[in-house]
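Two complexes follow with chain A in common, the first pairing it with chain B and the second with chain C.
And then the complex of A and B:
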């Protein structure tokens, strides 16, 4: 089969771009652990969220030096715990979130934290908050008439 | 049978390079945003 010289060049460029993108993504996912959230698969009965540990006591628990675990429940239209989450700057929070009703979003503005919270599933994500300030955590999946009120704040001091 | 002359693909080549540059720049932009926010 005859291939034009210029065609060979652009095919070469296309294939090497694909190879580079895949190598970068593969390296980050497998050796640096920078994968999308929800790599751990856990399920829960959505009708019994308030009776199932640890979601019966949602809140922020310190698990180590500058390491916290936030157990949260998304519901129409808010998040539990309702009060602001406060951590010192440089802290890493491991979020563990589920929904007690419909599909919700879980996005922290200005960070890579962006998850879908589905009833029956437990979503996990971790983020290190280096800069002090107030971080807006909001629902970005339309969940009903009060969707725009569904938000909370993380305070990093 | 007489040999056919090769068609000129210069225009197509230029278009492919422009499209390739657009994809590369978009990808790098999104990737940089991901790294900055991490």
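And then the complex of A and C:
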């Protein structure tokens, strides 16, 4: 099949850029620990979230120097624990989240924390909060009538 | 000039009119819902925001598009593959139309009764009325029958023209319908095997991760099902309308085959932020997703080559002189051309969305809504609008008048202005973190959310301008039905003189379908086994 010389150049440039981009993306994902969140199956019976550890006691636990684990449950239409999470600036929080009903979102405005919470699965993501402030954590997946009220805040001091 | 077959014209027109009725109702829902989000309107207590959003999504993305596409493909198949539809093909077209229409009516009634406010993605374990899922199944099965009609007409044509290359329009229609048949298998299994028995209460629980995967196996090729008919207009129709030639018949066919191969095994790029799928398979599908950039670049090259060759043949000088001789005042060119132009930022946005881990920046924000309002609601929609100005006259034996042409130009400009405001604001505020699919809220006046408000107001203004655009196109369609009687040619482009003969391997359907199936099996088998082995299932909920 005949391909015009200019089209060969055009496709050549395009395909090379694509290849470089994919190599950069793949390298960052797999050798720099930036793969998308919560990749492996980590399952729970979605009807028994409130009686399954650690989700029977949602909350913030200090696990090290400036390191915390946040165990959270997303439900229609809010997050547990109900009270605000508070950590000092520079802290890393390892979030562990599941849903006790439908599919929810879990996004922290102004950060790259953005993941789906699905019943039966436990989603994981970690983030280091360097700047003090009151971070808005919201549900960005439609979950029902009160979806727009589903949010909480993380206070970084 | 042979006039368009009257019986086929009725079938085509029935599809087009249903499509524009859906556009009008979906447009009303869209405009209202945009105003609610912008905080300029509060709905009466008996109408819910998410009910309107569901109606808007279903009517625009599923009904308007599918009806228009089937009507358009049948018109071209009738015209290029024998001059009229064979009785069996026409019957399949009408049966398909009937099934889809029954499905649409049931679906819309169930949505407006508030029994299915689950949006057009109907993610389990939100449980809609079983009739909502049955309605969707009827629409899909109806569209299958229409697809069989296209295949039947093509096969009969090939038998009667042994050894001859099929007309480009017919070939592209077959690719489009083949893509649709393969893609809808996913959603059909989800709806029939998982959701209908579950929503009737015959089974208690549903595998959520599996249902989402089956949905997105269908959901991404769905966007190519919208796009390929627009490409048929760009490749086959536009060269004729502007008085030029098709740059290369062979490359046009090759690009369609590449779309068939690379638009299906890629659904995970809609599920990048989800649990239950390994990062290896997510990245594999990201790479496969990006392969569609190759036929997209080929399409862009072909379009501009056609334009430049025409300009140069008319004596245009300089690097961009050929731009001046294009028929800007002809809506049949102008509307699809604006669609092409807007596809450049739209496609770039799509590349951003599918970029694996970088999807975290935009996932489920208004950026995504802004993105598909450029792709389907501008590139595809404007191309479809551009088609009606010659298709309705051609199938009804009428002619486009200069006044209607002018109103068409105005409609196109109104659409572009409204979309610039709406989609531009959506993209910007999405990057700031504003979520999609969310009613008016300031999150207790959180400072970040308060900053989004001016953009959401701009979105509402853009939405109102777009609604004016919907009213204008509906007015134009109605005027076209009353246009003066006359003969309108069905514009089918011819390949350029210098173009070489098309290689025959492009029409070896078994080979291409085989490669497509192999790629799908490669991309999905292991993740699906993994999902079936982790049978964590969830009960259903009605949260609206």
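The rule is short, and it goes like this: the second predicted complex is superposed on the first by the 154 of 157 C-alpha atoms of A that agree within 3 Å, B and C clash if a C-alpha of one lies under 4 Å from a C-alpha of the other, contacts with A are read in each partner's own complex, and residues count from 1 in each chain.
Here, a residue touches a chain if its C-beta (ideal position, glycine included) is under 8 Å from a C-beta of that chain, and two chains touch if they have at least 3 such contacts.
From a predicted model like this one, the values you see are computed outputs, not experimental measurements.
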* Asked: A:141 contacts which: chain B (first), chain C (second), both, neither?
  -> second
* Asked: Where does A:92 make contact in the superposed view: on chain B (first), on chain C (second), on both, or on neither?
  -> neither
* Asked: Is A:52 touching the first partner chain B, the second partner chain C, both, or neither of them?
  -> neither
* Structure fact -> Of chain B and chain C, the partner touching more residues of chain A is C
* Figure out whether A:112 sits in contact with chain B (first) or chain C (second), or with both, or with neither. => both
* **Touching partner for A:126 - first (chain B), second (chain C), both, neither** => neither
* Determine, under the contact definition given at the top, whether A:14 touches first (chain B), second (chain C), both, or neither. => both
* Asked: Of the two partner chains, chain B (first) and chain C (second), which one does A:4 touch, if any: first, second, both, or neither?
  -> both
* Asked: Is there a shared patch on chain A that both chain B and chain C touch, and which residues make it up?
  -> 4, 6-7, 10, 14, 21, 34, 110, 112
* Structure fact -> Counting only contacts in the complex, chain A reaches chain C at residues 1-4, 6-7, 10-11, 14-15, 18, 21-22, 25-26, 28-30, 34-47, 76-77, 101-103, 105, 107, 109-110, 112-124, 134, 136, 138-149, 151, 153
* Asked: In their shared complex, at which residues does chain A touch chain B?
  -> 4, 6-7, 9-10, 13-14, 17, 21, 24, 34, 110-112
* **Residues of chain B touching chain A in the complex** => 6-7, 9-10, 12-13, 16-17, 20, 23-24, 27, 31, 34, 37-38
* Structure fact -> chain A partner, complex, touching residues on chain C are 48, 50, 53, 117, 119, 123, 125-126, 208-209, 212, 248, 250-251, 254, 271-279, 282-283, 286-287, 290, 293-294, 297-298, 301, 305, 355-361, 363-365, 432-433, 435-441, 443-444, 446-449, 499-500, 503, 530, 534, 536-539, 541, 543-544
